[in-house]
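Two complexes, one shared chain (subunit A), two partners (subunit B, subunit C).
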Partner chain A sequence: MLATRKAFILSAPALVVLVAFFVVPLALTLVESLRDGGGWTLERYASVLSQRSFRVALVRSLKLGALVTGIAALVGYPAAYAISKLERGKRTLLMSLIILPLMTNPVARTYAWFVVMGRHGIINRGLLALGLAERPIKILYTEGAIAVGLLQLFLPLMLLSLVSALENVPAELEEAARSLGANGFRAFRRVVLPLSADGLVIGGTLVFTGSITAYVTPAILGGTRVLMLSTLLYQKAMTLMDWEGATVVAVVMLLLAVGLNALLRRLRPREAM
Partner chain B sequence: MEYLRLDHITVGYRKGEPVLTDFSMAVGEGELLSLLGPSGCGKTTTLRTVAGFVLPWKGKVLLQGRDYTRVPPHRRGFGLVYQNYALFPHLTVFENVAFGLRMRRVPREEIRERVAEALRMVKLEGLEKRLPGQLSGGQRQRVALARALVIRPKLLLLDEPLSNLDAKLRAGMRTELKRIQRELGVTAIYVTHDQAEAMALSDRVILMREGRIEQEGAPEEIYFRPATPFVADFMGFTNRFSARVEAVTEGMMVLSAGGMRIRASRAGTDLPPGSGVTVAIRPSSLRLYRGGEGIPGEVVSHAFQGESVQYLVSTELGELIVVHPETTVEFSPGEAVVVRADPEEVVVFPRKGDEG
Partner chain C sequence: MRRFSVGLLVFGLCLAAWGAFAEEVPPKPAKLVVSTWGFNLDLIRKNIAEPFQERYGIEIVYDLGNNAARLARLVANKDNPVVDVVHFTRAYAYRAIQEGLLQPYNPDNIPALAEIYEWARDPLGGNYAVGYAVQHLALAYRPDRISPPVTSWKDFWRDDVAGYITLPDMNTTYGPAVLIMCARAWGGSEENLEPGWEKLAELMPRLTTIYRRSSEAITLFQQEEVWLAPIPSFAWGRLEAAAAAAGFPVEQVIPVEGLVGELSVVAVVKGTPNAYWAEKYIDFILSREVQTAQALDLVDSPVNMNVELPPEIGAKLTYGKEIIDALIFFDQAFIAQHLDEWIARWNEIRTQ
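After this line comes the complex of A and B, so read on.
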């Protein structure tokens, strides 16, 4: 009882801030999106959901989110595994290098891709020089560009979750599996993977929700034509002054994030003992 | 019959810092060999080399004459039991034990039979569906043993398997481990820092120090006839003092220390009279008397230990520890006593840089 009260008192300030500046506005937004003069209506949802631009952005967001999460998991697992096996000093160094992209300014970091992906960027100049292309190909303002940008941004989150999960899998377990006849891959699949799946789920959740809600990266690398939900939302609110439409997009994005979290939480394996 | 041989192994984890250098040893078929030594002596590295988890820089691992040096761990078919059990926490007892059989693609029906048999052997029937987290330490250790044995290992490797158990359980498991190993006739290497454990279990003991073999032999040999001061120290010969050989007669040596005479039999009879020696005696090989021949001293303190009483006695040779296997305290602090040693249990080492 005392512990509960103490916990409550200690979290009160944070709670007040959250309720006042997050929960209340969120609730108001939600209510507003469903109100029509004096009554309730779903009409706004029907209208936004039937727009082609919305559906394209929705599908693109989900697709890119899934793609980035998948690649982050595939690329991240081996790296995280290798890092978790290093001695403490080297591990700390690598971990701080991993976090580095998260600490650079998002706009600068994203614009840096122009140097690589632009019309006269490194890739295009290379292709031209090697004779692999006759004129510069379009790399910027494509889904691929957005995916690369998101991957750069969110891979660290996957790595961090996986490394901390893998650190908690004792090396002896893997060795025990090996001594019992499992080759490296089977030892990984039957023992290391199930025991680090928690990290994969957490990392996946972070990367996916991050990818479908990120704004700066799709705005800069996707431009105004390749819209994701976040950029569509901005366009509706700031360019088209369609506040009601923007609210609907915001609610859809929120539901996606919350729903996905709930789903992944169910996927989490039984707590390892 | 020689079964396993480590042949001139040099191995380590960091370049230029070998843990074992030119290390050779052999294990006989069906033998239980203990690698005994303090932490850092290389006993675990030896075991890991045999298991295949560390690759020797030089030398060979031979099993029945076949070169196993480069065989990966999963193809060796050696059973491993760890100090912390290393059970798979996400798998039930049944699945833990079945793991090795599944890796070998043993038919399902046979898996069921062999797992049941293994669990019966370690007396864990009925716990198949539990997760490791729901078991006691002793039970976990049995699961780990069953898991290693069910694959019918060519070699059983045990890395301090009993160190995490409490004293009472440990004694029980020791007997059982020995019984199971005998019953199956499996060749085993047992790594431990606990000399009592090594004595109780082993057919043969290798005592290691800084990556080398310090002494190798039957438990009794190591226990009663330590070959070096290091072994004596490790085996509990706590009382030490300097002496000089006075006379040697038919396997019996007369030593003088601080003007007193001590008899020692057997060991070091090749030492000529006049040579300086270090004498090592176990506390339990000394006895206190109220008079007669021996080293005079005074009882400083006593400690009742249940089945024995330990006395600290101040003598001219320094403080001696004496343990009497009695349940009553016979001597009190301040009492004048005479300490006598059983000549059979006095160990003598030549002293380097011989002086007076």
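After this line comes the complex of A and C, so read on.
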């Protein structure tokens, strides 16, 4: 009882901030999207959901979000595994190197891709020099450009989650599995992977929600035509003054993030825990 | 008889004096609040605010911001206006008229109207606004990349420029004009935009991207992502400089379909107690002296027909018989009426 009260008092400031600046505006957004004068309506959802531009942006967001999350997991897992096996000093150094790109300004970081992906960028110059292309190919303002930018942006989050999960897997367990006859792959699949699944779930949620909500990267690398939900939301709110449409897009994005988190939690292999 | 004529003379003099008294100008305010964009503010102070104060003893105070923000402030202060005179693009002036925020000017107080082009005198009808600066939508292109040269809006559909072109967004100043010009180029008209819509849908996959601000268009040229684009004339100087710095040529052409023209307009805010002085301000900025000074500093292109500019300055502006004769101004009321519908359709065809 006392402990509960203490916990409540200690968390009260954070709770007040969260409720005032997150829960209340969120609830207002939700309610607003369903209100029509005095009554309730789903008409706005029907109208926005029937727009081709919305459906294209939704599919693209899901596709790029899944793609980036998948690649981040595939690329991130071996690296995180290797890092978690290092001694403390080296591990700290590598971890700070991973965090470094997160500390650069997102606009500057994204514009740096222009130098790489532009018509006269490093990639195109390489392709021309190797004779693989006759004229510079279009890389900027495509889905591929957005995917690369998002991967660079969110891979560190996947790595951080995986490293901290893998650190907590006792090395002895893997050894025990091996000594009991499991080969390397089996020991990994039956012991290490289930025990680090939390890291994958958290990392996956962060990368996926990050990817579908990121604004600067798709805005700069995708331009005004290759729209994702976030850039569509901005366009509706800031350039078209279509607040109702923007609200609907915001609610859809929120549902996606919550839904994915629930899904990944369910996918986690519980029997091993 | 003589006495009678003396009496008449005295009477006449009295009448004249009374008349002069009645016509005496309204009291001078200490300051006149002018709402404008704030580009080139130093030059505008030098060319307008300082000489205006010198002549009339009235200080000019600026309320700065983009069209939308300043329109919102006018709406907020509608019942108690704090701004005396406002500068807008035609589209926003039209919206301000619809909102009942402007009042018609008295042409008698603006004698300089006689010196400006006929199409600038009352571009929105009802004497609500005066065009004081003219712009055009230039077709800018890279002559080193595109041959034969660009001559028409139809050249955007040429295969050799595919993937190297951009257009302004529909909800920018020139967006609607692009639609109408495309319709005209492909056999349509303002009344029949369908050919324009069909051709634009065909063009969409060939665009590098769609730009919202002129600075974005300049960047696209700079990065060699774009070789051909319609750009507002006020951005031409910056594009020329960027091209020179990057070491490639750019040229602008007057397309065979004609040159889209646009006006910056100035208007008296409804309910201001200083309407007379607001009109004097409008008269002042239309004068040959101010229009010449603004043009020489490359701030605005003149609408005053008596302004004469050296050729190297004129070439950077919307100036000279060839350009002025080619100008087309689309009806702002017509555009405003259809804009929402156009934006919705544009957003459907643009989606990649």
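In this section, the second predicted complex is superposed on the first by the 267 of 273 C-alpha atoms of A that agree within 3 Å, B and C clash if a C-alpha of one lies under 4 Å from a C-alpha of the other, contacts with A are read in each partner's own complex, and residues count from 1 in each chain.
Here is the rule we use: contacts are C-beta pairs under 8 Å (C-beta built on N, C-alpha and C of every residue); 3 or more make two chains touch, one makes a residue touch a chain.
What you are looking at is a predicted structure, and each value in this text was computed from that prediction instead of being measured.
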Query raised in the report: After superposition on the shared chain, which partner residues are touched by A:223: those of subunit B (first), subunit C (second), both, or neither?
Result: second
Query raised in the report: Where does A:240 make contact in the superposed view: on subunit B (first), on subunit C (second), on both, or on neither?
Result: second
Query raised in the report: Should A:172 be classified as contacting the first partner (subunit B), the second (subunit C), both, or neither?
Result: first
Query raised in the report: Now for A:31: first (subunit B), second (subunit C), both, or neither, which partner does it touch?
Result: neither
Requested in this report: Look at A:119 in the shared chain and tell me whether it touches subunit B only, subunit C only, both, or neither; answer first, second, both or neither.
Outcome: second
Query raised in the report: First (subunit B), second (subunit C), both or neither: which does A:52 touch?
Result: second
Query raised in the report: With the two structures laid over each other on chain A, which partner does A:186 touch: subunit B (first), subunit C (second), both, or neither?
Result: first
Query raised in the report: Which subunit A residues are contacted by subunit C in one complex and by subunit B in the other?
Result: none
Query raised in the report: In their complex, what parts of subunit B are in touch with subunit A?
Result: 51, 53, 72-80, 82, 84, 86-90, 99-100, 103-104, 131-134, 147-148, 151, 157
Requested in this report: Give every residue of subunit C touching subunit A within the complex, in rising order.
Outcome: 163, 169, 171, 204, 207-212, 223-225, 343, 347-348, 350-352
Query - Residue ranges of subunit A in contact with subunit C within the complex - result: 51-53, 56-57, 114, 118-120, 138, 140-141, 223-227, 239-240
**Report entry** subunit A residues touching subunit B - in the complex, by the definition given at the top
**Finding:** 170, 172-173, 175-184, 186-187, 190-191, 194-195, 269-270, 272-273
